[in-house]
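Take a look at the structure set out below.
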Amino acid sequence: MTRCIDACLSCYKTCTSMAMNHCLEMGCKHVEPKHFSLMMACAEMCRTSAHFMLIGTPHHKHTCRKCAEICAECAADCERVGNMDECVVTCRACAESCRKMAA
Amino acid sequence: MTRCIDACLSCYKTCTSMAMNHCLEMGCKHVEPKHFSLMMACAEMCRTSAHFMLIGTPHHKHTCRKCAEICAECAADCERVGNMDECVVTCRACAESCRKMAA
Amino acid sequence: MTRCIDACLSCYKTCTSMAMNHCLEMGCKHVEPKHFSLMMACAEMCRTSAHFMLIGTPHHKHTCRKCAEICAECAADCERVGNMDECVVTCRACAESCRKMAA
Amino acid sequence: MTRCIDACLSCYKTCTSMAMNHCLEMGCKHVEPKHFSLMMACAEMCRTSAHFMLIGTPHHKHTCRKCAEICAECAADCERVGNMDECVVTCRACAESCRKMAA
């Protein structure tokens, strides 16, 4: 579980930082509402999933399942937008880790 | 949706405040790990569901569905513990509002 | 204190929702890094100040003082950008309420 | 700055997890309102300071300064309560890192 908490916080860091620095600098496709709000939803879901694991509630299985879905969708959208390789890799790693935790 | 955001933030306020003030003062059953961590999970899920609605992501349907479940469970546990009427009422109202939003 | 908690959560709602919906739709000056990151900082500071008041820690005085500063700055920047009247009003009301709480 | 973000998230993880698992299990002094709410305030302040650094706002200097204060206070209180060595060490490391960032 420690590894999944770290994967979630790592993904939260990457999504927040890339959205607020890289995407706002790049503009255009990077600040389309669909892409940008998905980045923010992914960051928030990762932060929440980590929190659920930390407070020791059995509900973390459900937040991890949802987190895996949003991370996979965010990775795909970052690929479509382009120039978001770090985010693609981190989101995929978090999706993989959350999927196992939710199983 | 505005009404559901307010129901979630109201439930977040009540759960956080009652856990950190009322429950810690009362001690005993009120600080049992099972009860206390459920209160904190409920507060966090409400805060996150409100956030998902505010950022305008379609994923809010899933966070609202999960929020309704946790709120219902929290209301039942607050009834079992006793002296938590305000929390029971607020959690039930939020569960009801989130269930509609998730439909 | 209840009133200040509500002012903070109201400002958190307005800043988050306007940034993620109105500003992303409008583009241009509304998504300049300086303006957008100030909106997000204001939303987060309001959420945190409300949380500090809810958990009953005396440190809330300091978070409220900082919150008042950021809200005042956010209100001024929303005026500069234009078409952000709701945000200007809500940030000013929150700044006023937090200033009293910090005194 | 990357190092300070990691110190804050590490301290957030330790405080949240120890409060919600270790302290609730131990009971007695570990769930005194003064101690427990300080642990939760420390966790929230660390989470917020990390967030301010990630979104790239110059206000992070002020949240880091406040974070250093709360972490130092939390470390001292964990020492007083006893059996909280991991929390003492992590809070001190975070206080040190935040103090440098705020300078």
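So that you can tell them apart, the chains are marked A, B, C and D in the order they are listed, and the count of residues begins at 1 in each.
Methods note: a contact is a pair of C-beta atoms (placed from the backbone, for glycine too) under 8 Å apart; a residue touches a chain by one contact, two chains touch by 3 or more.
The shown structure was predicted, so the numbers you read here are calculated from the model rather than taken from an experiment.
**Student:** Have a look at where chain B meets chain D and say same if over half of the interface residue numbers show up on both copies, different if under half do.
**Tutor:** Result for this pair: same.
**Student:** Which chain pair shares more contacting C-beta pairs: C-D, or A-D?
**Tutor:** Result of the comparison of C-D and A-D: C-D.
**Student:** Pick from A-C, B-C or C-D: which interface has over half of its contact pairs in common with A-B?
**Tutor:** Same contacts by residue number as A-B, out of A-C, B-C or C-D: C-D.
**Student:** Quick check: how many Å separate the C-alpha centres of chain A and chain D?
**Tutor:** 24
**Student:** Where in chain C do residues touch two or more other chains at once?
**Tutor:** Those would be 20-21, 33, 37, 40, 51, 55-56.
**Student:** Hey, which residues of chain B end up touching chain A in the complex?
**Tutor:** 33, 37-38, 40-41, 44-45, 48, 51-52, 55-57, 59, 62-63, 66, 70
**Student:** For the complex, give me every residue of chain B touching chain D.
**Tutor:** Contact set of chain B toward chain D: 20-21, 24-25, 27, 31-33, 36-37, 40.
**Student:** Can you name the residues of chain B that touch chain C in the complex?
**Tutor:** Its residues touching chain C are 5, 9, 13, 16-17, 20-21, 47, 50-51, 54-56.
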